[in-house]
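Just below is one structure, and these are the notes that go with it.
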Amino acid sequence: MSNRTIKVEALTRVEGEGGLYVQLDGDEVRDVKLSIYEPPRFFEAFLQGRKLEEVPDITARICGICPVAYQMSAVHALEAALGVSMTPEIRRLRRLLYCGEWIESHALHMHLLHAPDFLGFHGVTDMAAHFPDEVNRGLRLKKHGNELLEVLGGRAIHPINVCVGGFYRAPKREKLTKLLPDFEWGLEAAVEATQWVATLDFPDFSRPYEMVALHHPDEYAMNEGQVASTSGLSIDVRDYEQHFEERHVQHSTALHSVRQGTDASYHVGPLARVNLSLEQLSPRARQLADELDIDWPCWNPFQAIVARGLELVHAYEEAIEIIRDYRPIQPSQIKYTHHAGFGCAATEAPRGLIYHRYEVDRDGKIVFAKIVPPTSQNQQQIEEDLRDWLPRVIVDDDQQTALDCERLIRCYDPCISCSTHFLRLTIDRGEPA
Amino acid sequence: MSAPAARPKLAVFKFASCDGCQLSLLDAEDQLLDVVGLVDIAYFLEATSKIVDGPYDVALVEGSITTPRDEERIQEIRRQSGYLITIGACATAGGIQALRNWANLDDFIRTVYASPQYISSLSTSTAIADHVAVDFELRGCPINQYQLIEVIQALVAGRKPHTRTHSVCMDCKQQGNVCITVATGEPCLGPVTQSGCGAICPTYNRGCYGCYGPAKQIHAQSLTDHLIRQGTAPAEMVPLLRNFNSGAEPFRDESNRIESLT
Amino acid sequence: MSLQFTSQLPEVAREALAGIAAERTIAKGQTLCREGESCHELFLVASGHVGLDMLVPGRGQVRVMTLGPGEVLAWSALVGNQGATATGIALEETETIVFPDDALINLCQTNHDVGYPMMRELAKAISRRLVTSRLQLLDLFEQESL
Amino acid sequence: MSTQLPSECHMFLPKSEFQLLIDLLRGDGFTVVGPMIDQEAIVYDEITSVEELPLGWTDRQEPGHYRLQQRDDDAYFGFVVGPHSWKKYLFPPLTTVASAQKTDSGWQMRTPDPETTKFAFLGVRACELAAIAVQDRVFTGGPYVDPIYSERRQQAFIIAVNCTEAAPTCFCSSMNTGPRCTSGFDLALTELEDGFVVEAGSEAGESLMSRLSTQQVTAAQLASAESCRQQAVDQQSRQLDTEGIRDLLLENLEHSRWEEVGSRCLGCTNCTMVCPTCFCCSVEDVTDLAGENVERNRHWDSCFNLSFSHMSHGTTRNTITQRYRQWLTHKLASWHDQFDTSGCVGCGRCITWCPVGIDLTEEVAAIRNDDCTSETGGTA
Amino acid sequence: MSTVTAGTPATDPWLAQTVRIAGITDEIEGVATYHLDFADASAAGSFSFRPGQFNMLYLPGVGEAAISISSDPLLHGTLDHTVRIAGQVTTELARAGVGATFGLRGPFGSSWPIDECLEGDVILVTGGIGLAPLRPAIYELLNRRTEFGNVTLLYGARHPFGLLYSAEYDDWQANGVDVNTTVDRASPAWQGNVGVVTQLLDRMPVADPERTSVLCCGPEVMMWYTARSALGRGIPKERIWISLERNMNCAIGLCGHCQFGPTFVCKDGPVVRYDRVSQYLRVEGF
């Protein structure tokens, strides 16, 4: 059994479709490829010539799981291009919308997509029979996120209320305050959920990551902040492309983000955020972080599920606070005039930092668009993790080995649908390179 | 009224898409466990790593056909599936990525990719029904989870799913909304767009952008002619009709017609 | 007796026609005309029923219509004899009024006071037959049988 | 029409005392519904204060066009009619008419609990009073009474307001429904600069009027009210010739105009949704996933929908042209056979709110101008 | 019909009563007769109908279908509906077995004008499933046989095995209804008439057309041509009655679906006098 190839034809419990192959020579890892066979959809290309007002609606369609992340990055980048600044009220409402997406996405991933790995299930369908309370809690929390998205965004998937300049219509106060009883319950349930995931059986696997996330001195960064890293980087988002590049790497069919001028991978996502902004977590989440048996900063990717839990608590706590203080805002949309310009923005999608850059012409049409989603940034990191991880999990049973690899991949909650528009790939499913 | 005893074997397949439509099933939080109890989920990568080989009684197909490989894959899925339902605008009309149908694919590839030779893609993005026979189409970008549940319920009960085909306007007015086009002049595709979304855009003070595709029997030209007479530039009408359902025939033809006028 | 066909004819025409007509009782099962063969008489059914059958290879004789009182058959005798288009069989003892073709054609050609009304009534009868055939074609109860 | 009513029937309500009207109604347990500005239009919604009324606003209406505009005075009711009508309260867009539960002994059928909300409508125009009267006939005048409409209607208190202006889309004079409010109200107001001339139309109205801080009306106020009302008459420019209209339409069912308007009509249902008399609806079942708890929900429907005339073996009205013809001939012609009245009250909503500005008065005129029965006397 | 007021199950027009399938008779392919009992015995006692009327059969969760009553109005113990599988409700009904319960609202609509046929001849012309709404009329004519002149049934079907209630023809014939059948498509064994049903009307003797009534039920085209034939035989237009079919949703004239010009088919019909609707019958899509 010296030379063998382990293939995962289709990664499951991730968003979008991808596969994995691993080539081994004895116990030595020869090749690891996270292969993504999502077909390209050319978003940056067909955005050219569209009105900038359409961008939040169109980019939302890159990903049905985290459309808000695309909308938020797009509107901020376009507002930067137009020189529009937001009122504090609109800014808070946007954070509230993002809280909805974090709650929905984190609850989904923690309970339905990732927990089955630790508990030995295929998915929610079989897990529900043994952990009905946990599954039902996950579903309820997820629903809260969706309800918030519906009130504020019109619908949970591809919300329609986000626009350049703010919102098409500010929600009525009663519609938001109606959510409060559920959210108060949800906050407690989120705390319980986090305590629960913290007790899962984590492999002892820490990695010397450079973790990258937005950081803001006054708040837990979502829509704004410096791009910071655990290695001491702290730059304005306008300088993002001077520090990070998308690169074609020999062994992969996919484009990987690496630190500019090096081959170094980096890690984005909830673990990066918590590590960089632990002190900005909401009081309840901050306290919980201390109570858990985890030393922060944490370098174990499997414990990203706990970081998600903390962010879930944070999102609930912040949402409740914003809703309590909410008064309908007027105007809900800041007026602007079209002029030529360019702007960029980064926000924190549930899966990590997402970067958009646009150039617009004087008629408000898109001249150039660049979108870097979180999963592309994590891709090289995932492959490097797997190289390290594989020697520990290689067993004779290929299926078991593959399963263990998948578990690691799922720590990143990869969103492959998002990644595709930038991937260069040839479809070569199942044939080892 | 007894439903057929056996639980239909359900598979969920994905082509070029954003995953949002299959997420709609997971978004049916209150009914999810009941729904999965009604069917035997045999293939649903987003939700479970359990994979059961075909044939399948029911296939839900998300996404459009954009690669040579997917052209073949959908044929195989058709062979494996008893009842094939397409879900969402990508699967029913080619999706937003069907904008390539009006462009030069090579230009598109070069815009996005530094090494175009690696890209294997068709010059068009087309609906599933352009390739294989489809038994039922569920519209929307994204689909409505309640309609999806109705479809599953109907299949379990062995009846034809019931989704309504009237215009967005009827839902809009029943919610007490004021017609945005009449009251503000903003173009709205509501009169020619199929119901299903709950008229959310007009409810949130903006014109409908047609994400449920054309309603049955529409006179798109009457609407566009009127909007153009009222001051909307033809150049603005084209992208309005050409977004998430640009490949749906009435929208496609009307956008082509207006484009030829400009 | 009052038959739909003759009741519309003027008295003069009826009398003239009576001069060339004969009553004939057709026994059950007897053939009045045969598909493809020349027929030299026009029949008007007075009572009883006549089946019109057509030969369909593989299916045999197929009954396409049943005629009853007031209906004519074998009109090819009057409009030019190309051979009967169906076989007419008496389904029971059937009373008919029979017109020999040469006498009938001669009468109609020489006496337009008879010929025109006669042809008009024949046209009406053919029109009725056409309508019923169309209704048959429409297959109105098709959706009712699964 | 301009007959002077005896002045003792009328009182004068100063605007300073106007709020009391709402307070009294609310005190009597009514949910007061009135006009207010929302979504760039004057709509009907619950109000608690006169402050919420569209003070100083008016509407500008044309076929397919509506805009709010500031007035140069402080009139509360200085507008015509908006996209909403009172039918949404009496004949709600969505209601449960029955329910069914599966039990061990089979299906149990239930009726919904009676409606307990009592509505007071503030600002009902003459054409809207007529529309309510039309729907009264539809829902309560035949062999079957709709319990939902009937309950809501019996509890409703109606405060009419006389129009003092007309929109270019109004044609109530043609339909003999306005602009003067003559019956069907509990109270009727005519707005003057500093108050309202109030008239009671029922005992309930009289009783409420007696509790208002009203003053004796002066002859000058009465004259002024009359001239305001006359202004609405004089301003009305649109007309619908109703002479023989039933036969005109029903005898011209194959008129080429139907195809012409059918090609413009979007089939979008907007005209039927805004129409204050359109009553088409559908009942559909909504069930839980197990199918054991079922609600029969009635929602507004429209003859413009393809599915509306659907039968198991086919659809009766298969084209938009046929559906437009159905709507117009029903509204203006066969309604007379069915309910002994026209279905149209001349409010003009279907003209204003048609997204492509189709105008029924123009369609009728086109058919009348080219009445095919008058030329050929029938079809071949 | 007297005004019905809201409140009790018996008077709320929206409220269905629960019925139970007491028996099912398979008639022809795709058609079965459901014999129904009321779950509430008092409802059974107060239920009566006139021939030609229909009920709304309500399958909770599926919907309602208007189905004419096909049993003898005098036999209060039985309530029969002959149902053809066509839409969702009837498909679902076909899956229900004896003992299943569902809902029923009715009876609704107008009835055959039996009393207007007194002493004259009656011709019933029908096709296919159209015999079901006429069967109660046949029963009533038989029950009161002496009050009428000749009673003739002219019945057409697509093919011989599409003839409904064929087991009863002998009985009807023996009791004074002249039963004449015809089929559009003959089978080899078929000895009867071939051709459309209007042909039977064209050639049957009509002794006293002025006092002859025609009751017709079938596809609209068939009824139109039947009326043409009847008029051709001298039968007055006021004596021709047809039964219309439209999309009936509420059955009480409140929903608008079933309109046919001025007629609400659910409450002014389904049985209507021909001359009152004839001008609209051949208007496409009306």
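Every chain is named by a letter (A, B, C, D and E) in the order it is written, and numbering of its residues begins at 1.
Convention: contacts are C-beta pairs under 8 Å (C-beta built on N, C-alpha and C of every residue); 3 or more make two chains touch, one makes a residue touch a chain.
Only a predicted model underlies this, so the values are computations on that prediction, with no experimental measurement involved.
**Q** Any chains in contact with both chain A and chain E?
**A** Of all the chains present, those in contact with both chain A and chain E are B.
**Q** Compute the shortest path length in steps from chain D to chain E over the network of touching chains.
**A** The least step count works out to 1.
**Q** Mind listing the touching groups among the other chains when chain E isn't counted?
**A** Leave chain E aside; others group as A, B, D | C.
**Q** Averaging each chain's C-alpha atoms to get its centre, pick out the one most distant from chain E.
**A** With centres defined by C-alpha atoms, farthest from chain E sits A.
**Q** Looking at B-E and A-B, which one has the bigger number of contacting C-beta pairs?
**A** Ranking B-E and A-B by C-beta contacts puts A-B first.
**Q** If you average the C-alpha positions per chain, which one ends up nearest the average over all of them?
**A** Most central by this criterion: B.
**Q** Report the inter-chain centroid distance for chain C and chain E in whole angstrom, where each centroid is the mean of the CA atoms.
**A** Whole-Å distance between the two chain centres: 35.
**Q** Starting from the mean Cα coordinates of chain C and chain D, work out the distance between those two points in Å.
**A** So the centroids are 64 Å from each other.
**Q** Averaging only over C-alpha atoms, locate the centres of chain A and chain D and give their separation in whole Å.
**A** Chain centres of chain A and chain D, defined by C-alpha means, are spaced 51 Å apart.
**Q** Compute the distance, rounded to whole Å, between the mean C-alpha positions of chain A and chain C.
**A** That gives a centre separation of 86 Å.
**Q** Which residues does chain D have that touch at least 2 chains other than itself?
**A** Residue numbers touching two or more other chains: 291, 301, 313, 319.
**Q** Could you say which residues in chain C touch two or more other chains, in rising order?
**A** In chain C, the residues touching two or more other chains are 143.
**Q** Any chance you could list the residues of chain E touching two or more other chains?
**A** Expected reply: 61-62, 86, 100.
**Q** Can the chain contact pattern be summarised as a line, a ring, a star, a complete graph, or none of these (other)?
**A** Chain contacts: none of line, ring, star or complete; other.
**Q** Pairs of chains that touch, anyone?
**A** Pairwise, the chains that meet the contact rule are A-B, B-D, B-E, C-E, D-E.
**Q** Which residues of chain A touch chain B once you look at their complex with the stated criterion?
**A** By the definition above, chain A touches chain B via 10-17, 37-46, 48, 50-51, 54, 57-58, 61-65, 67, 108, 112, 116, 122-126, 128, 135-136, 139-140, 142-143, 146, 154-158, 160-161, 163, 167-169, 248, 253, 403, 406, 415, 417, 421-422, 424-427, 429.
**Q** Once bound in the complex, which stretches of chain D touch chain E?
**A** Chain D residues touching chain E: 97-98, 100, 102, 105-111, 138-139, 142-147, 150-151, 250, 253-254, 279-285, 287, 291, 294, 296, 301, 303, 308-313, 316-319, 321-322, 325-326, 329-330, 333-334, 336-338.
**Q** Which positions of chain E touch chain D when the two form their complex?
**A** Per the touch definition, chain E meets chain D at residues 1-7, 9, 12-18, 20, 39, 58, 60-64, 86-87, 90, 100-103, 245-247, 249-250, 252-257, 259, 261-262, 264, 267, 279-280, 283-286.
**Q** Could you pull out which chain E residues touch chain C in their complex?
**A** For this pair, the touching residues of chain E are 28-31, 84-86, 127-129, 156-159, 162, 182, 184, 186, 188, 190-196, 198-200, 202-203, 205, 218-219, 221-222, 225.
**Q** Which stretch or stretches of chain B touch chain A in the complex?
**A** 14-21, 23-24, 26-27, 29-30, 32-33, 36, 41, 44-51, 66-67, 69-70, 95-97, 99-100, 103, 107-109, 111-115, 118-121, 125, 141-142, 197-198, 200-201, 203-206, 209, 211, 236, 239, 243-244
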